[in-house]
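Got some structures for you, see below.
Two complexes come next, and they have one chain in common, chain A, joined by chain B in the first and chain C in the second.
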Partner chain A sequence: MIGLELFSLQWFEIFCGGFCVLAIFSFLAKENPFYRIFEHLFIGISAAILIMEPIRTFLWPQALKPLLGMDRIPFPDGTYPEPYAMSYLLFLVPMGFGLLYYFILSPRHSWLAQLVIGFSLGVGAGLSFKGIIVEMTPQLTDSFRPLYVVGSFGESLNNIFFIFVLLTVFSYFFFSFKRSPNGLMVKSSWIGRTMMMGCFGAFFGATIMARMALLVERLQFMIAQWWPALSQLWR
Partner chain B sequence: MKLSWLLNIDRRIIYLLVIVALGIPLFIDYSLAPAPMKTANSFYKAIEKIAPRGKIVLVAADWGPGTQAENEPQTAVAIEHLLRRRIPFALISNIPFAKPYLEQLPETVADRLEAETGEQWDYGQDWVNLGYRPGGSIMIQGMAKAKDLHEVLKTDAEGTAISELPLMHNVRTIEDVAMLVEVTGSVGVFNSWIQFFRNDKYVPAMVHGCTAITIPEAYIYYVSKQIVGLFEGVAGAAWYEELLSENYPKREKGSALQMMTALSFAHLLIIALIVLGNIGNLAAFMKNRRKQP
Partner chain C sequence: MTRLRNKLIAFFTFIGGLYFFLEYILPAHIGGLEFGKYHEQISLAVQLIGLMAIGLGLINIFRVHGVRILKLQGGWFNSFVLLLGLAFVLVLQLLDFRRSEQRSDLLLEVKNFSLFVNRVVLEYEQKQIDYRPRLDALIDRLGVLKTQVKNSSSLLATGKQLDSERTEAQFVRSAEGAASATEQLKGALWQNNYRETKKITLDQLALLQSVTQELLDLNYEASPARRWGNFVFNGFFTPLGSAMFSLLAFYIVSAAYRSFRFRSWEAVVLMIPALIVMLGQIPHGPLYVYSGLPEIRRWLLEYLNTPAFRAIFFGSAIAGLAMSIRIWLSLEKSPLNTEETKQ
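And then the complex of A and B:
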């Protein structure tokens, strides 16, 4: 990396980044303590960020600071331009209710935690109910396609294949009545299963592509940033 | 000829071959022409339709280091296109790990464009960083239903009041958002935006950048027209770079194109290894059959 000062903060960032990459990739050779140390380091850092960021970006500036009246800027004489808004005390209600969740640790009072869990489940179910309808309706209506599209042989073929796959896959998950051996439903569900196998293959291929992309990004970092930064040590 | 060794190749040799295959294009700085992608073309056209200096575009960068490899080039090319067309945009994220990228990415792209064109792009005028917002679908619904977004968002990522940012002066409700650019590796996060970023009267146009793993699922939303454009993994970003280079000839080559070339080399290697493995398997099968009386 041209122009990067040796032992500067940015140099150390890149140096440590590359070192961590090598430590994690050492697992490819074999399981080793070096890899384990960095794996735990990564988990610890991730867990800390997940806890601290909601506190730092939301809980403190938008809930606790106004509640404690610390978001008001005082005049030099110590007085405030506006009085403390008592409505902020209402924040204590959801906060207190949420904190009941910690009673899950007490066998005697764990029923209090169940109130919070029940409330969360209710909110989640309500949101999901609405969300699923909004999300699925356009997909459902899109599946009603014309089998013959005027002037477009390709689109007609596409739609016929789409409906064929849709019905055969549906038939695979249709268990409402007994299937006769060599019956239409058995054959149809076999085709449906084969189609799904093709889909799983596409998922698997895409997964390989995604994993390779992760590796190539790290290689880009090692070649374009880490190696030039490291080579400054003996320049 | 004995071919049984094909079934016993040490996995470490395969890892090494993959690293070499991926590394060669990066070392020699070689790029292949990317494959044209219909979905990325639609993404490009959707951004071209937005009027400059009008409504804002909301860029939801819901990704972190785990999917940086694919989502960063996608977000970067989308931001570049918005900056070039002077379409104001606001960055936001549901993922705490996205925070450093929300700060760095627009600045890096703006610096590159300033060096290329001599024009200037400024924070607050051309883009704002709304930062990480916890709450998932509840936060998204809160924004969509808000009568005044200034009241909901309050400050940007640095603590500056939203009302003090020139870009946000006229942005009061979801109806002032022309488009949502949602980039993530998580289907659940993307679903939340699709489900809740709307109100009874208005749904902004939506485009999506997904990782390769989620392409088969994301494609459903494209086919059913719930989204008007899609980046299919890093391949989508590579083709978008090509589109930008065609329309802005002075543009420097980006990293997505080089990444895609390296991936193509690795894919060829994997195909070759699958063929070799099957040859080994077939040889073993024939050998066993000959042994049978």
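And then the complex of A and C:
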């Protein structure tokens, strides 16, 4: 690495990064304590970041700071740009209700935590109505494709195939009435199953390539950054 | 008593979903009532309720791993490393957070100087409130900030960094310029001819604000908490995460070898699109076998993958909708139901 000072913070950053990669890849040989330690380290670091992120980006700036009046910076003469909004005190209600979660730690009063868990489940259910319909509607309208496109035979064939796959896969999950052996539904669902296999194959290929991209990036890091940084030790 | 509690839980579950359900299905205005008027506040409150559980996760981690360490159970050292990493990053994040907050507060204070000058002039015009002590307070504050930079004793002092000395000198000049312009504004207000001077003062304060922003950014990036935070992120978190996920590539390939052998019709159908998608994504090299593969790959993803996944999604979405209604109306058997749990 040109321009990287030995034992500087950047050097240690690269050195530790490579060490971490080696520790994780050591799992390929067999499960070992070296891998376990770094796996736990990753969980610890991730947990800390996941805990702090919502506090930094939401809890403090949007709730606690205005509630405590700390979002108002005084002018040089000691007056404030705007008065404290008493409506911020209303934040205490959801915060107090949310604190009921902690009763889950008390066997006697755990039912109080169930109130807030139930409330959250209800909110999740209420939001999912909107979420599902908002997500489904554009896909549903896009699925109504013209089977004959004027002047484009290829496009027409593509659309026919699209609808064919959609309907056959639908038929695989259609259990509302009894299927007669060798009936249309049985054949259609067999085709649907085959189409799904093709779809899973394509998805599988895309997933492998995404993982491979990560692997290549790590190998590039090891070869282009870590090894030159390490070799500075005996140069 | 238990039945009453269960009814209460069901009631809270119903209330939780009711607003968001109605907010979606009802029109925005019903007569004179605007239904979603407080939607932002209600969403904020719901998020706050959820966020209160953050500490619970932390307590559980400390309980599970703390007990393992105290009792020296198997894997106690791993737990120790986990808690050490957690505590270290938490402390770093807290220090970084504190610094970042101090930085944004100071920047807001400097931004507010322009607002302050406007207010002082307006209140003098409308209510005849004395402007002199108020503008003197601003001049004093500018003097304090300037001295702090000179003595390297505030967030505006960056130490001996690249470009920082130049920016520090710029800050001192801007603060002096702003103080002098404010002094002139006082005189102009006395003579009741202040329009031009006020504009000059506001321009000086705007300049000061941009230099302050630059200085605070330099200071923040140079702070130990920030640098060590970056060290942990780039030296541990990113490589560990990437390596962990790339490790799966080996296992996926190994699983593919076992399942993709031509043993059944489905295996063949699974393998061919997978191969096309993989080969179609390779831009060059020995595995770049055919120039038309990217187009075939695109066609497969658009006309086979999309409708098949869409059909699966429609089915699961309808099932999800039904499940949501059951949860919302507490028709679903739930571990929250204490009576059922006891049975």
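Quick note on the criterion: the second predicted complex is superposed on the first by the 203 of 235 C-alpha atoms of A that agree within 3 Å, B and C clash if a C-alpha of one lies under 4 Å from a C-alpha of the other, contacts with A are read in each partner's own complex, and residues count from 1 in each chain.
To be clear about the criterion, a residue touches a chain if its C-beta (ideal position, glycine included) is under 8 Å from a C-beta of that chain, and two chains touch if they have at least 3 such contacts.
As the structure is a computational prediction, the values presented were derived from the model and not from experiment.
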Query raised in the report: When the two structures are overlaid on chain A, which partner does A:209 contact: first (chain B), second (chain C), both, or neither?
Result: both
Query raised in the report: With the two structures laid over each other on chain A, which partner does A:199 touch: chain B (first), chain C (second), both, or neither?
Result: both
Query raised in the report: Which partner does A:36 contact after superposing on A: first (chain B), second (chain C), both, neither?
Result: second
Requested in this report: Report for A:89: first if it touches chain B alone, second if chain C alone, otherwise both or neither.
Outcome: neither
Query raised in the report: First (chain B), second (chain C), both or neither: which does A:4 touch?
Result: neither
Query raised in the report: Which holds for A:186: it touches chain B only (first), chain C only (second), both, or neither?
Result: neither
Query raised in the report: Is A:166 touching the first partner chain B, the second partner chain C, both, or neither of them?
Result: second
Query raised in the report: Touching A:233, do we find chain B (first), chain C (second), both, or neither?
Result: neither
Query raised in the report: Of the two partner chains, chain B (first) and chain C (second), which one does A:139 touch, if any: first, second, both, or neither?
Result: both
**Report entry** Superposition-derived comparison: chain B or chain C, residues of chain A touched
**Finding:** C
Report summary line: Contacts of chain A common to chain B and chain C in the A-superposed view 28, 46, 49, 54, 58, 62, 123, 127, 130, 132, 135, 139, 199, 202-203, 206-209, 212, 214-215, 217-218
Report summary line: Residue positions on chain A within touch of chain C in the complex are 9, 12-18, 20-21, 23-25, 27-28, 36-49, 51-52, 54-56, 58-60, 62-63, 73, 75-78, 81, 90-91, 93-95, 97-99, 101-102, 104-105, 111, 114-130, 132-133, 135-136, 139-140, 143, 158, 161-163, 165-167, 169-170, 173, 192-209, 211-212, 214-215, 217-218, 221
Query raised in the report: For the complex, which residues does chain A have touching chain B?
Result: 28-29, 46, 49-50, 53-54, 57-58, 61-62, 123, 127, 130-132, 134-135, 138-139, 141-142, 199, 202-203, 206-210, 212-220, 223-224
Report summary line: Per the touch rule, the chain B residues reaching chain A in their complex are 12, 15, 18-19, 22-23, 26-27, 67-70, 72, 96-97, 99, 131-135, 137-138, 141, 154-155, 157, 159, 185, 191-192, 194-196, 198, 211-216, 220-221, 223-226, 233-234, 255, 258-259, 262-263, 266-267, 270
